[in-house]
Amino acid sequence: MLSNLKAWQLTAQSGPAALRLVETETPKPARGQVLVRVRANSLNYRDLMVADGRYGILPLPQVPLSDGAGDIVELGQDANRWKVGDRVAATFFQGWPDGPFSRAVLDSALGGALPGMLSDYVALSEKGLVAIPSHLTYEEAATLPCAALTAWHALITRGRLSAADTVLLIGTGGVSIFALQFAKIHGARVILLSGSDEKLETARALGADHLINYKSTPDWEKEVFRLTGRAGADHIVEVGGRETFPKSVRAVAAGGTISLVGGVSGFASEIPIVEIISRMALVQGIYVGNRAMFHAMNRAITLHQLRPAISQRFLFDEAPEAYRCLQSGKHFGKIVILNP
Amino acid sequence: MLSNLKAWQLTAQSGPAALRLVETETPKPARGQVLVRVRANSLNYRDLMVADGRYGILPLPQVPLSDGAGDIVELGQDANRWKVGDRVAATFFQGWPDGPFSRAVLDSALGGALPGMLSDYVALSEKGLVAIPSHLTYEEAATLPCAALTAWHALITRGRLSAADTVLLIGTGGVSIFALQFAKIHGARVILLSGSDEKLETARALGADHLINYKSTPDWEKEVFRLTGRAGADHIVEVGGRETFPKSVRAVAAGGTISLVGGVSGFASEIPIVEIISRMALVQGIYVGNRAMFHAMNRAITLHQLRPAISQRFLFDEAPEAYRCLQSGKHFGKIVILNP
Amino acid sequence: MLSNLKAWQLTAQSGPAALRLVETETPKPARGQVLVRVRANSLNYRDLMVADGRYGILPLPQVPLSDGAGDIVELGQDANRWKVGDRVAATFFQGWPDGPFSRAVLDSALGGALPGMLSDYVALSEKGLVAIPSHLTYEEAATLPCAALTAWHALITRGRLSAADTVLLIGTGGVSIFALQFAKIHGARVILLSGSDEKLETARALGADHLINYKSTPDWEKEVFRLTGRAGADHIVEVGGRETFPKSVRAVAAGGTISLVGGVSGFASEIPIVEIISRMALVQGIYVGNRAMFHAMNRAITLHQLRPAISQRFLFDEAPEAYRCLQSGKHFGKIVILNP
Amino acid sequence: MLSNLKAWQLTAQSGPAALRLVETETPKPARGQVLVRVRANSLNYRDLMVADGRYGILPLPQVPLSDGAGDIVELGQDANRWKVGDRVAATFFQGWPDGPFSRAVLDSALGGALPGMLSDYVALSEKGLVAIPSHLTYEEAATLPCAALTAWHALITRGRLSAADTVLLIGTGGVSIFALQFAKIHGARVILLSGSDEKLETARALGADHLINYKSTPDWEKEVFRLTGRAGADHIVEVGGRETFPKSVRAVAAGGTISLVGGVSGFASEIPIVEIISRMALVQGIYVGNRAMFHAMNRAITLHQLRPAISQRFLFDEAPEAYRCLQSGKHFGKIVILNP
C-alpha cells in the first residue's frame, strides 16, 4: 500500500538549487521504530547552512531538514509507546531523551548526522518523538522541534526566567519569536530589535514591551541601558553572531546571561573578554534541547494555548522556494512546508 | 512639631486583649535612620503568635506588628538614600539586604526581635526600607513585606517556577493569594484548596485553574493526583502545618518542592520520612526574604500592575478588632489597618 | 553448561528466617540482557525492611537483596555494550539512566519491585550495569550500588559540598562511612556521631575530624554548635529517622541541608516545622541515584583509589547470618556475602 | 605618633617607571574606618595593566596596587568590628560584602577606582577587611585578595567542583596555582599547561596530575582530549586570553565551563561561536569575588593549612623591580613586596 514515497534529496552542498525531488520505496519501520507520515516541515537557518556546507560535510545524496510533524501510520516490532494515528513531532536529537548533554548526542541530529524529514514518510525510533499539543495543527507543530525548544532551553530550562527580568531579543526569526512568547508567559519584560518597523509592530502585537529599530538606532546597546534604568538586559538570546555579539556583551546586565544560539551574521566574532569579565556575564551555548524539555515546553504551550507565528507557507513540491524565502530574510517567525 | 505620637503596645503576651493605645514622644531619627509616618499596616498570622506568646518571649511593653508602609518625614544625619516625601515600606528583616540567610538576620525582625510598626511614627535605618511601586496605595503596599515576599521567595527566588509547573496552594490567606498571583504571572497552573466555596470562587477570579473544597473533598491529595495526570504538584506552599503537611507530602510530584512557610494548624507534625524519600521531595523552610528579593518582586508587581487582595480594613484605633478578625479566619488575602 | 543455579528466596515477609536456599534453572538473557555471575553481594538496612515487610508487600517467593557485583558470562541478542568477562555492578534502579527522578523509576528497583541479586546468576538489562573500578574486588564493588551512591547523591550531586563546609554524619553504617570518605576527598570537615568509642576511633582513622559519642553526649546538637563556632552543620546525612531527626534540625546551619536517606529508628518523626522555617533549612529526600551519578562516583573512587569499609564477610550459604549480623548493629560500614 | 608615611604613587600611566616614592601625612581613619599598617603586598597582572593604562584612566598621582595585608593600628569612630592588633587583609572590592554582583561594585575596587595598598598605612572601611588565617604570615595573606579569591570563585563558588571533574589550568601564575591547590583539596583531577618544564615539575609537587608543555605540545587541546578519554576538561580557568581561548573552547567537555579571568595575551579574541554552541559550553566572566566568598575560602585554607606559593620577594623600596619581575614572567605563583 505504502509502496512509493516522494522525498527531497540534497545532491550537493551548494545551496537550495541542489535539492532534487525523488521517488523511492517507503521504508519499513525496524524493531523499536514507527513509520511517520510527515504532514508538515518547518525551516531553520541551520537548514540553509547544511545545504551550502557551512555545517560540515554530509554523505550525499541525503534527505535534508530537521523539523517535521505528522501522524503514525505503522508500528515496528516491539514499538509500544504509540498507536497508529497518533500525532507526533520528531525530536531534533533522536538520542537525547533526558539528562545532561554529551558529545554522543551530536550523532543523533536529524537533518545532519542523520537523514532529515523532507519526505513523505520517515521511519524513526519510537523514542525520538513527542505528542503534539492537541490545539495545534501539523504545520504549527512542525515549528517546535528546533526553534521553539532552543528558546525554551535558553530562557526557561537554563535561564530560569522570572517576572523581574528583562529579556533582549535580536530580530524576528523563529527562535526570537518563540523566545518572545515564552518570555511573556513567564511574566518577563521584552525588548526586541529589528530592522523593520513593520516587523516591530507585529512583535508588539505579540507582547513585546519595547521595540528598537537597529537601523535607525545603531547604538541599540545604549538604548537597552536607557530602557532598563542603566541596568542592562538580564538575558539576551544571541542569534546574530559576528555583528551583534560585541554589542550584546555591552548590553547585558551585571551577572546577566547571553545565550548563544546561532550566527546568522557569521560564527566567528571578536569576543570582548574584558567586558565579559567586568560584567561577570555568563555566555552559554545552547544547541536545541532534549525530549524532557520538549515535554515540559508542550505542557506550557498547551496550558497557554500558544500558537506559533508562521509567516509563509509552501507546498511540498515548492521546497526550494521555501529555502530561498528563508535566505531572503523576509519572514517573521517561521516558514513551513505543507504535505497534507 | 512632631511632638507626640500614638502607638499600640503589647502589655502582655496574652492575645489582642493585651494591646494598649499609648501616647509617647515622637522619636528622632538617629544617624543613618529616617523617620517614617506610618500610613498603613497589614496583619500576618505571625502577629497573632507574637501577641499570644507562641513566637517566643518579648520584652514588654513593646509596639507590635511587622508590616507597615508610609512616607518619610525626616532624615537623620548621614541618611542620604531617601528624601522627605518618599513612599516606603519597611523590610521585615531590617538587617538582611542581600546574600544568603544567616542566624544574625533573626535579630533584625520587625515586630519581634525589634519593636514593630503599629505606631504613628517609626524611626528605621535607611537601609531597612524599599520604595513602594507607584501604582499602589499605602494600604496595598503595607501588605507586601511579609506575605508577598514569603510567596515570592518560595516560588520564584528559590522555586524558579516555570509555565510547565503546577502549584498547589492551601487556603486563601495572605501568602497563598500572593502565591496565586505570582504563580499566574509566571505562567504556572494553580490548584487551590479552601473550605469555602465562596472563597474558591474569588480565587478563580484571580486566575486559579483548579479549585478543591477540602471539606467536601477531604482526600484532596488524591484529587491533586487526578488533576495532574497522576504526576502530583511540582510546588506546594505549605502554610497549614500539622493538619496538612502529611497530605502535602503525598500530593507532591517526584522531585517536587514543598515550601514550609507557616503552621496555622500547629507547628509540630508527624513527618512521613519514607514518603519524602520515595518521592525525593525537597522540603524548604522559607522565612520571609531579603531586600534584594523585595526589589525584584516590586519590579514584577510594577510591570504587571498587580494589586494585593485586601478583604478587611480597620482604622488605627480599631487595631485589636483587626487582630480578632484575623483570628476568626474570615478574611481572604490581607487585613489592613489604616492610619491616614 | 550453566544448567542449574542456587539462589536464596524470601518465602514470607517475616524476617531472615524466611529465607530458603533453592536450586533452579539458570536464566537465558533475553534480548538486550546479559547474564551476570554474581560474585558478591552487600547488605543494606533496606534489605531487612523488605524481608520483614516494612517496605511493602512483595510477590512471594522472590529472590531478595539489592546490591551485587560479578562478571558477565553470556550476552543476549542485541546486547552490545559489554563483552563476556567484563566486571560489573548492578544499578539499584534498573530504569534510571540519567536525568531527573520520576515515579516510573520506582518500578525498577532491584530487590524490591524487581527480583534481587542473592543468586548465583542474574539476567539483567545491559543498561542496568556499570563497570567496576579496576582497583576494587568484587566484594568491594558490591558495596557501591545503594549505600555509596546514596551518599554521593546526597553530598556531591545535590549537596555540592565544598571544603568550606562542615558535614554531620550519624552513626557508622554503610551510607555514613561512604559519606565520610566522599566528604573528605572533597575537603569538607566531618563531625561523626556514634554510640561506640571503638567505632569512633575507626572513623577517626578514615579522616573524621570531630567525634561525638551520643551516649555520653546525648545533647549532641549542642556539641555540634560548639564545634562549628555556633554556626551549625552545613550538611547532615540523616539516616536515623525518628530518634535523630528533631535533633538534626536543631544542629543544622542557617540555610543548611538535611539529606533524608533512611530511618533506622523509625520512619515517622515529629517534624519541628517552626525550626525548619527559622533556619531556612532544606530537607531533601534522597533515594539512591541514577546510573550517570554512579559513573561520576566511580571516576572519583578510581582517581582517589578509595576502598569501601567492610567489617564482616559471610559465605553465600550463610546469607541469613549476614542479615542477622546487620540486625545486631555490630558492623562498621558494610557487610558482604561472598559467592566466588 | 604616626605622623608620616611612605607610599608609592603612580605619576603617569606609562608603566612601572612612573612609580615615585613619596612621604605624606598618615591618614586619620574616618567614621567606620580603621587604619591598617600594611605589612605586605602582592602583585597581580592587573597591577601592570593599571600601571600602563590598559585598565582605564586613573586620576594621578595615585597609590597603586590591589593586594595588601597588615595589622590594625587605630580605630575610627563607630568602628567596632575589630580591635587594634588584629591581622587583616583588604578585600579587593571594598563594597561587595555579599550577594550577587552589581555594577556599583566596580566603583569600590582597590588599586583602581579607589587608591591602592602600596603604602605604609591605609585607612579603610572596617567592612572592607577579612581576618587572616592564623597559620599564614602577612606575606602569605597578602596573596589572597585577588588571585586566590578569583580561583575560589571560579572553581568552587560557581564551579561547584567535584572529585569526578577534570580541571585544566593554563600557566603557573597566581590564579592558576591557587586554582591547582583548591582543585586538589576538592578531589578534582588537574591538567596543567606551562612552557617551562621546571615550572611543570614544581606544579607536580603541588599535586598536578597531568602536565603539558605547550611549547613541545602546541596542539595541547588534543592532548587534553587524550588524557580525558576524549571527554575534554570539565572546567578550564582561562587566564591567557587571545592566544589560548580558542584552544580552550576546543578542549572543554560537553556542557563544561570556561571561567574567563584574565587576558595575559590580549583581551580581544576570536570567539568560535559554533564550537561553543555545539559543546553547549558555559563561558563565565569571573572578576575576583565578594567578602562572603573570602570568608568561605579562608575556612578551607585554614582547615587544610594551605600555604600560598610565593616565588619572589621584594622590599617595599624595591617595588618597581617587583613590577618588572612580574612583567618578565619568571615567577611561579605570587610575587610579594614586604614592608615589615
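The first chain written gets the first letter, and so on, giving A, B, C and D; residue counts start at 1 in each chain.
Simple rule for what comes next: contacts are C-beta pairs under 8 Å (C-beta built on N, C-alpha and C of every residue); 3 or more make two chains touch, one makes a residue touch a chain.
The model shown is predicted, which means the values in this text are computed figures rather than measured ones.
Trainee: Touching both subunit B and subunit C, which chains are there?
Mentor: Common contact partners of subunit B and subunit C, which must touch each of the two, are A, D.
Trainee: Calculate how many whole Å lie between the centre of subunit C and the centre of subunit D, each centre taken as the average of the chain's C-alpha atoms.
Mentor: 42
Trainee: Would you mind pulling out the distance in Å between where the CA atoms of subunit A average out and where those of subunit C do?
Mentor: The answer is 43 Å.
Trainee: Going by the touch rule set out above, which residues of subunit D reach two or more other chains?
Mentor: Residues 100 of subunit D touch two or more partner chains.
Trainee: May I ask you to sort the chain touch graph into line, ring, star, complete or other?
Mentor: Shape = complete; every chain linked to every other.
Trainee: For the complex, which residues does subunit D have touching subunit A?
Mentor: 100-103, 105-106, 230-231, 241-242, 245, 254-255, 260-263, 267-274, 276-287
Trainee: Would you tell me which residues of subunit C are touching subunit A in their complex?
Mentor: Of all residues in subunit C, those touching subunit A are 97-100, 290, 292.
Trainee: Flag every residue of subunit B that touches subunit A in the complex, lowest number first.
Mentor: The contact residues of subunit B facing subunit A are 156, 160-164, 182, 185-187, 189, 296-297, 299-300, 303-304.
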